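For reference, the structures are reproduced in the following blocks.
Both of the next two complexes hold chain A, though its partner changes from chain B to chain C.
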Partner chain A sequence: MAELHIIGQIIGASGFPQNSLFCKWGVHTGGAWRLLSGLKEGQTQVDNPQTGDMAYWSHPIDLHYATKGLQGWPKIYLQVWHQDSFGRCQLYGYGYCHVPSSPGHHRISCVTWRPLGSWQEQLAQMFVGGGPQLRNPDLIYSGADRYRLHTETMGTVELELGIIMRHFDKYGVES
Partner chain B sequence: MTLHPTSSFCLWFQYEVELFQNEAACQTPLDRQYHAEIRAINKAKGRRNQRIFTYTDHDRYTNCFSLHQLHNDLVSATKSSPTFLAERMASVRNRRQERRTMDSSITKSRIINWDPTDEFVKSSHVVNNAMQTMHIMGDLGPPGKLGQKENECLLATIKTDGSGTIIVKPNFNKGREPYRIVTNGEKREVWRLTLENASRVMKPEEREREQIMYKDLYNRHKEYLNSLVGQDFEMPPVGILRYLLHGEIVSANNFEYDNLYINFFMELPNNWSSLPFQSMSGVTQTCRTKSLGKENVAFFSYPFSFEAFYMSEKENEELIPQWPVLYFKVLSLDFWQRYRTEGYGYLLFPAKPGKHTVTCHTWRPVQTGTVSALRRFFIGGSAELEDNSYVRVPGTFKGERLSRFGFCTETTGSVTFRLHCMQQARAFADAALLKKRRQKVVDHLGGFSQQGMVCSILEAYQRAHKRLQEARESLPRDVLNSAAQLQPESSA
Partner chain C sequence: METTSNSSVFLLTVNGQIEGANFPDYDNLYCKYCYVYGHDWAPTTGLEEGITQITSKSSQSHKLIWNFPLETTFKSTNPSGWPQLVVSVYGPDVFGNDVVRGYGATHIPFTPGQHIRTIPMFVPEPTWRLQKFTGWLLGRRPEYTDPKVVAHGEGREVTRVRSQGFVTISFHIMTKDMKRMGYDTGPTNSSTVQSATSSQSRDAQ
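Up next is the complex of A and B:
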């Protein structure tokens, strides 16, 4: 009967080859967790900065979870996409990070990677865009199947999260 | 209290009555409604208002009125023109009046307004509390000549917004000097105006009832939330510390070759155990690096979770628990399937709960001579550690001094981890309740700990000793005082 509040924002992203980015995000938890209020997934707007490298979204995250156990601590998954001037959307990166488990204000830089195809596919990607995507992103939460992937490094997504924990100390949890 | 521009609150001016009686003059649906109601009143020979009548936002009156009124209210000098903002705010009321009545339940279908009109710009760039206004007017014409539009005069204005704020201008002046209104007509008459707040005060019982209702509502909401959440929470058994680590392998940077992957496994020392399905090792994906500044970084973003249990059985073993270790090695795999070890490192799990960002530096063993370097460059493959735990303290090590003399290594890059650590034990819950000071993890792990009992006895003794000292310190002063008092008394 402990409760967790996650209140924060997805600030923006930087370090990607092109700007005009948007982000699909979500929070994944174990079975013992229950979402009391808030949206646990969403999509930001497309931001195309005029100057500088960082695309800013300032997308709010406001979640209230209740849990019966510590297993399945929430994780945030992000997919950064690029929308070009023709309106096509291209995947620019997957990123995963855990929600912090200590109360307070946290600034997290979640790094991203994207799957890499064969050299023919890479050549085509340079001209036409596109590229391989994960068929089922859920498999990647646990990390067990990751070794099969060949990926390339992409940019970073900045997150700012405030964590409020309630009743955890009553059950002997130190965080 | 909300004011609705309905007929029940609307009193018509004689001029309005004549205007709306004529059906041809009705343009908006509100006009037509007025017309219908006036006809009803005429039919029923109802009482016509004589002197007092009202205007609200929706009537035609406010159009020509607002700007002039605004700056007359605020500034004494009549020559000043209203400020830019005042102009904008005034014309907002304009817009409301001219708009056809729309069904407000239709939600906005377009998010972006590509061609904002001036009206739109004015209303959205400026903050305005949508307020409803009622102007109370008086017909101050000479008796017998009622119903002339020139004789109408503004007596008071009532504004309200949806959240229960009511603004009355001019203020109530019951008991003070009445306001004076001077008419400009054939005769200059002086009228005296008194405004009185005649609304009923809420009785204390009603107020109490309202409070009780609010409290009830909040309680019920709280109970609902509690019922959603439940009362139970999973706890480890008595005397066992549960150690939870959620972390990510964030990145690896400054390694020699490209296409890196990390192979890691965790090791539990004595007294530690873990669940059978807990995976103790992992492999990340193979990641191609990119250059960030002067370094080549590879972003892994590989989350892992780890749960282990610590149980201290014997007291005469070392009192500092040994924490688990994560050993990892970084390898690179080429396009031509050349495989090289890039570095070895280890990470000691943090003892303190919280968020930790750790950067571990790595090294790799080298063999002296050019042959191995050439082999590494052309074919791939290099010397590897047989026992990965050699990075820290080899598992086979017994003795006092670890010597690595003669072992050649080369510094390679670093790997960054982000760890979130949590610890849970029943003893922590009890300690939190009793508010004991925290000393060592071992002490708090259970009731069978002798040392814990000894420590608590010592603490109790110290507290008692302190209290005794304080009592003793305060005592002589009292005794002295009373002794001093006694002496003069006895002499007297």
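Up next is the complex of A and C:
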């Protein structure tokens, strides 16, 4: 069995309308993958930066997978939320990116989007916040049924992922 | 074809330094560091934790420089729980009390070669304004009972923090027997500058 280590951090996010942000993240894999150690989902702290635009989380990721096949390569999916000074949370974006498939250190910028409602909902969102959310979070990383959505662009999330691969060359995989 | 490996243990040697920090609002800072690692890891030589000197900004530069050496070797059977360096920065407030100015953590790089990391530093924030004011007045700010908590992912979802500075650390990494055990850690870094802040840095490979 080949093994994959994902060792890195969700560094932070920038480009969102407000700065007090946190992120719910998870890793989705296909059926041939088995998680040997590490947490495959979590939620970061809420950061309110003093200077600058970028909110920093420095949330560590340390996952160890064993796999029998290449299908269902791991994907990281993210939900960026905003928490205001009263403690209310509002969705600011969904995004996903594939875990890199070559060993070494990688710096990834993951783009995010938010579902757009009707013009009445957008007007209400401008005043009281809130807004439509996905009922099924699988849509963040799957392409099926995406054509029904109308979305708007939001900011980017920076990740630093280090990949260690073991025994992939024994099975003839080039990466 | 079977990979022959006489050893089931690999070594990671870290030679580096905590170069300095960038805190626009604070001065006279010192730094404490420690390593956090998983169950399969153990340090073989070198210090696991330490404290730097107190440094101040000079008239020529707004940078705070520590130039503090880090020399440690770890051994392990498994890359899970790869060591992280946890850094906490402290300094005096207006009344002379020693308060925390930031916590941060980064994984030790695993590709052999030179690496520079700029890690953001954040402090836990009190939830309401009155607590912020009394904290400022009495010098009793929220801090973590164990700084190692910033190296873990669990339990962070209830914390509110404010990021207010950066610490720069440079590493020179060597590993032994990782290839022999079948681990591929990617191309060796000849000279790469990787920063958590600049978005235009890219590998020069």
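Following the convention adopted for this analysis, the second predicted complex is superposed on the first by the 173 of 175 C-alpha atoms of A that agree within 3 Å, B and C clash if a C-alpha of one lies under 4 Å from a C-alpha of the other, contacts with A are read in each partner's own complex, and residues count from 1 in each chain.
Criterion: contacts are C-beta pairs under 8 Å (C-beta built on N, C-alpha and C of every residue); 3 or more make two chains touch, one makes a residue touch a chain.
Everything numeric in this text was worked out from a predicted model, so none of it was measured.
After superposition on chain A, the partners chain B and chain C are accommodated together without colliding. In the superposed pair of complexes, A:I61 makes contact with chain C only, with no contact to chain B. Shared-chain residue A:K75: touches chain B; no touch with chain C. In the superposition on chain A, no contact is made by A:D84 with either chain B or chain C. When the two structures are aligned on the shared chain, A:Y147 is found in touch with chain B, with no touch to chain C. In the superposition on chain A, A:D138 contacts neither chain B nor chain C. Shared-chain residue A:G95: touches chain B; no touch with chain C. Legend: residue contacts after superposition of the two complexes on their common chain; A:L39 is shown touching chain C, with no touch to chain B. Taking Cα centres throughout, chain A sits at the apex of an angle toward chain B and chain C that amounts to 30 degrees, reported as a multiple of 10. By the touch criterion stated above, A:C110 is placed in contact with chain B alone, chain C being left untouched. Using the contact criterion defined above for the overlaid structures, shared-chain residue A:D53 touches neither chain B nor chain C, since it reaches no partner. The overlay of the two complexes leaves chain B and chain C separated by a minimum Cα distance of 5 Å. In the superposition on chain A, the residues of chain A contacting both chain B and chain C are 36, 102, 167, 169-170. Put simply, chain A touches chain C in their complex at residues 5, 7-9, 11-12, 22, 36-39, 42-51, 54-56, 58-62, 64, 83, 87, 102-105, 107, 109, 158, 160, 162-170. Interface residues of chain C facing chain A in the complex, by the touch rule stated above, are 1, 3, 24-25, 38, 78-82, 84, 104-107, 109-111, 115, 119-120, 122, 125, 127, 150-154, 156-157, 159-164, 181-187, 194, 196-197, 199, 201-203. Residues 1-3, 15, 32, 34, 36, 66-71, 73, 75, 94-98, 100-102, 106, 108, 110-113, 116, 141, 143-144, 146-154, 156, 167, 169-175 of chain A touch chain B in their complex. Those residues of chain B whose C-beta lies close enough to touch chain A in the complex are 225-226, 228-235, 242, 244, 246-248, 250-251, 259, 261, 279, 282-290, 292, 297-305, 307, 353-355, 418, 420-430, 432.
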